[in-house]
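Per-chain numbering from 1; labels A, B and C assigned in written order.
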Amino acid sequence: MESPKTLVDYLPYLLMGIPVTLEVTVLAMLLAIPVALVLALGRSSPHAGLRWPAGCVIELFRGSSSLVQLFWAFYVLPFFGIDLPALAAGVLVLGLNEGSYLSEVFRAGFASVPAGQREASLTLGFSAAYRFFCVTLPQALPVMIPPFGNALIVMLKFSSLVSLVTIRDLSFRANLISTTLGETALVFGIVMLIYYALALLLSAGAKWLEALVNARVGRPSAGFRLSARLAVPDWALGGRS
Amino acid sequence: MSTLDWNWTFAWSILPALLTGFQLTVFATCFGAIIAFVVGLALTMLRMTRFAWLTFSANAFVSFVRGTPLLVQLYVLFYVLPKWGMSASAFVTGVIGLGVYYSASCSEIYRAGIEGIAPGQWEAALTLGLPIRRVWSGIVLPQALRTVLPMLGNQVVAMFKETSLMSTITVMELLAQATNVGSIQYRYVEPLTLAGLLYFVVSYGSAKLIRRLEVDHVNG
Amino acid sequence: MSMAETMIAGRAFPFDAALEIAPARALMSMNGVSKRYGERTILDAIDLHVAPREKIALIGPSGSGKTTILRLAIGLIKPDAGTIEIGGDYLWHTRSAGGGLCEVGEQHARRVRRQVGIVFQHFNLFPHMSALANVREPLVHVLGLSKAESDARAVDLLTQVGLKEHLGKRPGQLSGGQQQRVAIARSLALRPKVMLFDEVTSALDPELVSEVLRVVRELAHTNDMTMLMVTHEIGFAADIADRVLMFDNGRIIEDGAPSQVLKEPTQARTRQFLRAVLER
């Protein structure tokens, strides 16, 4: 039985893992979104020269294990002369990986905008860029927010993988402390609770954003069915159903 | 600027080790899937009972499992279970961890399938006086399962890829074999690339197969 | 053939103590039945007594409560006030020792409503089973008959509704009219004393309506069946019903023989409704 006093000594060290975890999560997410957009546009492009590479990237990242991708970036890229710092490698892999999955969300979002919108925009003489940013995107946004919320939670969980390539996030520190102290239940229990709390926070943030966007764009929330990848169901946030 | 020098001899020599790991990966996926499907269904049923405490507990469990990383859950099972007197091999521990983690998302999938059943089906079954067990076993679940089968298939594919996390708890599956072999000469190009390729071929192929079956099912 | 005194009695005494007034001969009785959804009152203290072998047509605009009456009669929903009796037993109550009534739950309701069958507007057949399997389902799992016996009875029922050649077909392979006939056969399998028809032709293509009405008409004429039909087919109602009830805003505003209600209704609302419907 370990003495709680010793664990308490390590608590600050453990909690300092939270910013690291969040940093990885947020940075990777910030990369994933533009990546997803680019891939989605590429995939729906009429030019085969854009469609094909986009498709390949998507299938490649979705079709292989994220951990393998991470290890590959960390251990193999140096052989090609690309020596990335651990954080960069982690963020890059997670961002590209999640971006590939999210490209589908963008595509679905754009598809959900009624065709009449495009026709109206064309007849009104809007340029393609204007049409995209001021007509399509605002209307696609409300539908896309819940899956993005899901993706954020998934990213949080995936961020734990970077602990295996020497980044000192929550999981890394938990592992280290438990090995040092020899008592694992308490440490990992605490870490699980921290991750869960973070997940709930991020989920609440996504819900708030959804409400905000819905209020601005004016489309009633269709009770969008949460995808199977969502970490936190509605009930846990005191939401509907 | 170093050039890629792929050592075919080396690649060939490590293949047996990788395939041994691959075998373990496949077993882990199969057993994990069985656990995920069965436990997931049990969880869904628990989440729909009349007893509020039971429903709440099941919901809390699902929410918690889905809200925390698989990596940490594996650590917990690996380090904590033996201390509570339940010791099992690393492989079994990993399979249980994987299975339980995915049972939560399978539970969500089952729930979506069941809620997607038209209320008219319930009404017809109940007004015919069918006992509630038959309503579930003969009417609702057969339809729900048929609908969500592709999604369950995707879960298996995802599980296959996440078996790689078991390498962190000393299970010598595919990724562990690859890193092990690579660490000997600090030469990771061949092992990781080959391992990545194996993951990709199986996963991409399975996903395509599932999509094909999905389309066939929809078209009758 | 209308049980005049029971009808009038039902309408004149719309309160709960109508137990003594409800005639012992009524097969189904609703006394002071009310149903609300939030702020809206769907049914307002309804009294309805159905004699054995009576065929009653329920007409009226949407939302007037006709479908709710049927759903209450088969116990799919529970009334907020009042009692429902079927074949002498209360659906949601039992008589306690002191002679009063206490509420009971699902189990009891299930037993009592075995005497009632319902056919839905949207058929609600089980899509993963053949027509035969659909009809066989209650025979096997409610009556506990052997597979051989259930098969025999199911074939018989499906033959009665004219679907002998389609036993092995799935609902997806049948037309709307055929599906509805399977649904009728399925509901008849348990030989209920009361059959409820909830707008059974409303979801059908016009040319398929007659085949279903034919089956219902046969049932009405050749059987001891007691029937309640919610329908928009006024002509059909006039043809086979002994009694027509006009619903409006949760109340029964007309109750009488078809010749009276449909030709000389007493209420302006009824006249208005019939005019609108018959003009189509």
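One rule holds for everything that comes next: a contact is a pair of C-beta atoms (placed from the backbone, for glycine too) under 8 Å apart; a residue touches a chain by one contact, two chains touch by 3 or more.
Keep in mind it's a predicted model, so treat the numbers as computed, not measured.
In this view the innermost chain, defined by its CA centroid being closest to the centroid of all protein CA atoms, is B. More C-beta pairs touch across the A-B interface than across any other pair of chains.
Annotation: 20 Å between the Cα-based centres of chain A and chain B. We define each chain's centre as the mean of its Cα atoms; on that basis chain B and chain C are separated by 48 Å.
Rounded to whole angstrom units, the spacing between the C-alpha centres of chain A and chain C is 54. Those residues of chain B that touch chain C in the shared complex are 118, 120-121, 123-131, 134, 138-139, 142-143, 146, 220.
The touching residues of chain B, counted against chain A in their complex, run 1-2, 4, 59-60, 62-64, 66-73, 75-76, 79-80, 83, 105, 108-109, 112, 151, 155, 161-165, 167-168, 175, 178-179, 182, 188-189, 192-193, 195-196, 199-200, 203-204, 207. On the chain C side of its complex with chain B, the touching residues are 74-76, 110, 113-114, 116-118, 120, 122, 124-128, 137-138, 141-142, 172, 183, 186-187, 190.
Those residues of chain A lying in contact with chain B across their complex are 59-60, 62-69, 71-72, 75-76, 79-81, 153, 156-161, 163-164, 171, 174-175, 178, 184-185, 188-189, 191-192, 195-196, 199-200, 225, 228-233, 235-236.
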